[in-house]
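Pasting the structures in now, so scroll down.
Shared chain: chain A. Partners: chain B in the first complex, chain C in the second.
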Partner chain A sequence: MKLSVKRLMGATAAAALSLGIGAGAQAASHSDTFKIGLVTFLSGGAAESFGVPALNGGKLLIDMLNKGELPAPYDQKGFGGMTIEAVEIDEAGGATKQVQEFRNLVQREKVDAVLGYVSSGDCLAVPPVAEELKAFLVLYDCGTPRVFEEGSYNYVFRTAAHATMDNVSLAKYMTSRGIKVDSYAGVNQDYAWGQDSWADSVASMGVLMPDAKASTALFPKIFAGQYGTEISAVMREKPDLLHSSLWGGDLQAFMLQASARGIHKRMRIALAAGDHVIPQLGKKMPDGIILGARGMNGLAARAKGGELVDLLWDRYKAAYGVFPVQAPFRMWQGLLGVKSAVEKAMKANGGMKPTAEQMAAAMKGLSWEAPSGTITMALGNGHQAIQPNAIGTTKWDEAAGEMTLVDVEYYDAECVNPPDGVKAVEWIKAGFPGAKCD
Partner chain B sequence: MDLLLVILVDGLIYGAWLFIISVGLTLVFGVLGILNLAHGSLYAIGAYATATAVGIYFAYGGDAFPLGSYIVMAFSALLVAVVIAPILERGLLRHFYHRDEVIGVLVTYGVFLILEDAIKLIWGVDPLFVYEPYDLLGMVEAGPLFYVAYDFLVIAVSAVTGFAVWYFLNRTRRGKVMLAVIHDREMSQTMGVNVDKVFLLAFGTGVFLAAFGGALTAPMISVSPGIGVNVIIVAFAVIIIGGLGSIEGAALGAVMVGISRAASVHLMPELELFIIYFVMAVVLFFRPEGIFVRTQTRKI
Partner chain C sequence: MKALSDIRITTALALVVLVGGGQLLPDWALFLMTIALAKGLVSLGIVMQMRAGLVSFGQGLFFCIGAYVSGLMANFTGVTDIFLLTALAVLACLAVGGAFGPLLANYRGIFFAMLSLSLSMILYGVLSKMNSLGGTDGLNVAAPTFAGYAPEGRDLSMTLYLYTVVIVVFIGAMLRTGFDSQHGLVSLAIRSNELRVEYLGASVRRTNAINYVISAVLGGIGGVITGLAIGHVDPEYAYWTTSGEFVFVAILAGYLSIPAVFVASIILELVRSFSNLYFPNTWQMVLGVFLLVIILALPNGLGSLFQRRREGGS
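Our next item is the complex of A and B:
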């Protein structure tokens, strides 16, 4: 019955459209659905911080798109008139399991596209399979630059900037805000994310603040939970700045333990991706913390405002009781990127449901507006996005009873991301050649 | 001098926390002969129960007597032990006492998987916070640094717990009966000891200590799914260093791990993850059964 109503509505819409523009060939496509696999962490350590907020944001946006509730240029229902149907998959279980899940999505579920993956390990493991199956794959979250710096794909795209811009922006923030840094320390997790983040930070500081010395670099185990010794080590060193890319429960525990010992009163703390713990920590996140959100996401996007941001912010908050942090923003830019590519491909093929090849051709080098700013597929031969970034400082608003971001600095995408064909670390070490900053 | 003091304090804080978690694990192994892989989940349930109970306490007027939250924490751990220990021990583990130790490991691994999902079913995936007890006692100056006084409370509680367990085992009749069961289960049974009762008491105490470790940890972390997984790995290292089943061994192992880890973080941070297992390897090289366990002749 549900299907019949959908078909009836689709047919009505198609008939109306064919009367209006005389495109009879589109009728069949408009009655169709677009099946998309959404893969993100629904269990495990990354679920609460990244996976679940992203999926919540994705479900909300898909519902709004299917009802045609977004402003132009996204006012056409679904994807090009096709109803979006999501198939949700838990990313937990490791790369081998995810490769199998991807095959299931493509070969058994017959999805038209897959949008997913938070883990860098999964982002490196799944693309070769997408190429083998000729399946349209969009990576929406993971940060490793290696996906397109070390690989080349036809059917694989990433709609979020890689992690390089997080630490380049932080270093630029120190210089532009005149923050005195003679020495800095780091507490980052002991795996690729933490190690790369610290390496990017040291390289960026080396270029922008060459007199600042990197002192203690600590790499506690992921999900360690206890940071008393690391906090003592940093406090004993007395650096001017503490850099950290901790995330999720680790960051929450670290901030609880560090702020109780007054560490934020003795040095500035810069969190490369720290916005996502604010809904949980609230006032326990001290004022004066320099905060990134891996893009112009969350509080930084709210501070800038805009029709799309305000609409999605209010709807997300109403639906889930908390404000959207970076994860839903990245899911939104991924979904809107797929929508833009699908509709561009449909324009080119006469309104038919596009094939994976047609979607890939449409997405290559594409540029679209998202709540997090203008996203451009500028790197990796048109397969890797760059996006603007923002860094701000935390300030608790006592009257409103909520955290705000003040002294926000916005960075153009081409200012904090390397040009195409240049490896991120080499670009930083060379002094950001080709960067276009206002 | 300041550096040595800081290493000592950091090491004792970490070691005290580890001891409370490890002592229950080693007690259960000593009495029941089961290496309880579900110990980490029981720690996590203790943390969740505490976060819930203390949250309720402060929501219903606990601010008037905030120190009462420490009593709530202890009762939360006790409640976990009273509810879960009989179900697991009477309902499941007793069927495997006479089987190979590997079977016990597999069974408790199954329990671990079930409890991890049960936690998500009951409390969901969103983290719980109960930081009030952590801030209550203020800060303490130790050498060049400031510490949260709660950390010293954990050291004190750990010392009292260790002493209480030692006193119970060595100075009370029930404790001596338990030692007799640890030493020779079959002979104790022949002498009229109700071994089933001893097993339940030992397992209940082990569950309480695991949950109590979780209760003490809850105020300083984000209580979220998976917190018990990493704890159990380090706890195993502690009891292997000290000797499986040895209370004194757990205490010495916890202090050795705590101090060596703290020294590594302050002096050679790149060795932080390696040092715990290096200490374990060195101990096992010279004492394959652990520091406090003598090599036993095989009974036929």
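Our next item is the complex of A and C:
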């Protein structure tokens, strides 16, 4: 009996091997469907706040596009009449795994485009592979400016602004709203995102509020969950402002622990990317928190309104029971960007399904409308988007039982993003040369 | 003498099958095989220590050193020659392994596992803090060249695959000889009764230290190839989950057979790749169930299948 189990196992293993290798011989996708790989976090720390809402928003939009339910200029069904077929991949597992999965998507699943990546590490690792395979890749979420500052690609695009504008906008908000800041502290996660956010914040404040002193900068490790020490340290320091780029469960835990100790009554708190925890925290997010959403997304977009915003808002809320935060907005702007590029390329090639080269040529320097405003591929030689930003202050609406954003300030894309060819950090330190603000 | 010719035949057969099979593989599978074989080398290092009853949870240390040698050399000196990079990684891992091997050889069981783990986590922590090396985001690695030959596209994948195959088969044959040698048999004896081995006059400490250093070198070679194939290195290479994956493969394979290690590594990569595609929300569970089934059905790993057949044949 034992032996036969072993034989069976051996046979299964061999079969799995040959099956696995053989499964590569799948037919390439037809010309009446457009196969797109969607890669985002479905497990791990970034799933609840970024990955799952983005994928939900994406599935919703793809469904609506396939039925032709969007207003002009997006009223053509699918992408240029082709039905969109999505292949979902979990982004968890690190850059090594993502490079393999990307190759599998392109070479095995024969997708026509890949849209994805929240993690900056993945956004740095995957583009060289896309370039090697000549595959059309759209990065939709990640923040690091390094992608197009250190590299130059033909087939890779990012449809969301990089993280520089988050902290530049926060600093501008302090000056334009007349918030007195003599000293400020920071609580940011100890990895590239948190370190970069704090560096950008200090540099921006150095230009806009040169008299404000950066006091304590704390870097708890990512997914720490407990912030008692940091909160005590900040409260002892008594700064006027507390800057944080925490996200997800970390931000939820921090806000719950900090607000229980009344920290928001002693100093202003500015969260560079904090809107996405409001569905979870609700009323537990105190009033008066200065909130960014990495673009004119979520509550800030709701405050401004518009046809696409209302459409996304109502349909998302109806489908998933919560309002859309920044992640679905960024997914929409990515997918609508791909749609615009595909349809532009089809117009140029006489209505055929476009190749990766044609899509890349069409997307370069493209500009399109999304719920989050006008997206323009202005940087990185036409491969990196800039977009408008908005910062507001939280206020709980007791009557409606929902969070609102008040005192919202909107920033033009060219006001808070560097011009092409200038490195973000150097642009901030030089005092934002070339910025076009109203 | 018979054993020697056996190894020669197996080696030649493995080379023919892997090289020939590689020509038939589609691009994605070629890449998957390269990664699986390279990671298999790292797991082989663990298997080597498992033969003496030790499980290292810190092979990521050497995997990461190897990968960063390729990344740093490419970025800061422009060296992309794979032979040179491999040699440098071997040297680096020899140095680090040589420094810690004798120290770790004093520990057993969970203490050995935790100490080796802590060393790799120290490297992870240091690399994460070094913004000049890209911090947690890591840095990209240029495509390798092969003694002046700079292929692209499928040629690049194929050359890298062949390079990996030759190294893997060569090392596999050497280790098989090593496993059957006095040193290798002493390792096995340590696993059954350490005290008796000492009384017989062999040094357990020395054997363990040598095993550790050799497995360090294997880890480094695996790291160089993986770093060059992926084209990106980050501190995650030294993170405990990465080391855990190598242990996973070692357990899957068992310590009886060398080819089993690479088969296990390929199976793991395949299961992960397809489960991620077909079960994007539960692929981790598929992996877990898979390991559980293997452990229940084959407590000594996949290798026990090969072993039994060999005994039956002779």
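Here, the second predicted complex is superposed on the first by the 407 of 438 C-alpha atoms of A that agree within 3 Å, B and C clash if a C-alpha of one lies under 4 Å from a C-alpha of the other, contacts with A are read in each partner's own complex, and residues count from 1 in each chain.
Operating definition for what follows: a residue touches a chain if its C-beta (ideal position, glycine included) is under 8 Å from a C-beta of that chain, and two chains touch if they have at least 3 such contacts.
A quick note: this is a predicted structure, and the numbers were derived from the prediction, not measured.
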Check the residue A:253 against both partner chains and state whether it touches chain B (first), chain C (second), both, or neither.
first
So, A:125: does it touch chain B (first), chain C (second), both, or neither?
second
With both complexes superposed on chain A, which partner does A:190 reach: first (chain B), second (chain C), both or neither?
both
Chain B versus chain C as contact partner of A:48, first or second or both or neither:
first
Taking the superposition as given, does A:33 touch the first partner, chain B, the second, chain C, both, or neither?
neither
Have a look and say if chain B or chain C is in touch with more residues of chain A.
C
If we overlay the two complexes on their shared chain A, which of chain B and chain C does A:144 touch? Say first, second, both or neither.
second
Output check: A:374 vs chain B and chain C. Expected answer is one of first, second, both, neither. What do you get?
neither
Looking at the overlay, what does A:109 touch: chain B (first), chain C (second), both, or neither?
second
When the two structures are overlaid on chain A, which partner does A:66 contact: first (chain B), second (chain C), both, or neither?
neither
Chain A residues touched by both chain B and chain C?
42-43, 190
Could you please specify the touching residues of chain A with respect to chain C in the complex?
3, 5-6, 9-10, 13, 16-17, 20-21, 23-25, 42-43, 87-90, 92-97, 99-101, 103-104, 106-109, 120-121, 124-125, 128-129, 132, 144, 146, 150-151, 190-192, 195
Residue numbers of chain C touching chain A in their complex, please.
25-29, 31-32, 35, 128-129, 131, 134-140, 143, 152-153, 156, 226, 230-232, 234, 236-237, 239, 241-242, 263, 266-267, 269-274, 276-277, 280-281, 283-284, 294, 297-298, 302, 304-305, 308
Touch list for chain A against partner chain B, complex:
42-45, 47-48, 52, 190, 216-221, 223-226, 228-230, 232-233, 235-236, 248-249, 252-253, 256-257, 260-262, 280-281, 284
Report the residues of chain B in contact with chain A in the complex, numbered from low to high.
2-3, 6, 9-11, 13-14, 17, 120, 125-127, 129, 131, 134-135, 139, 144-148, 150-151, 217, 220-222, 224-227, 229-231, 261-262, 265-266, 269-270, 272-273
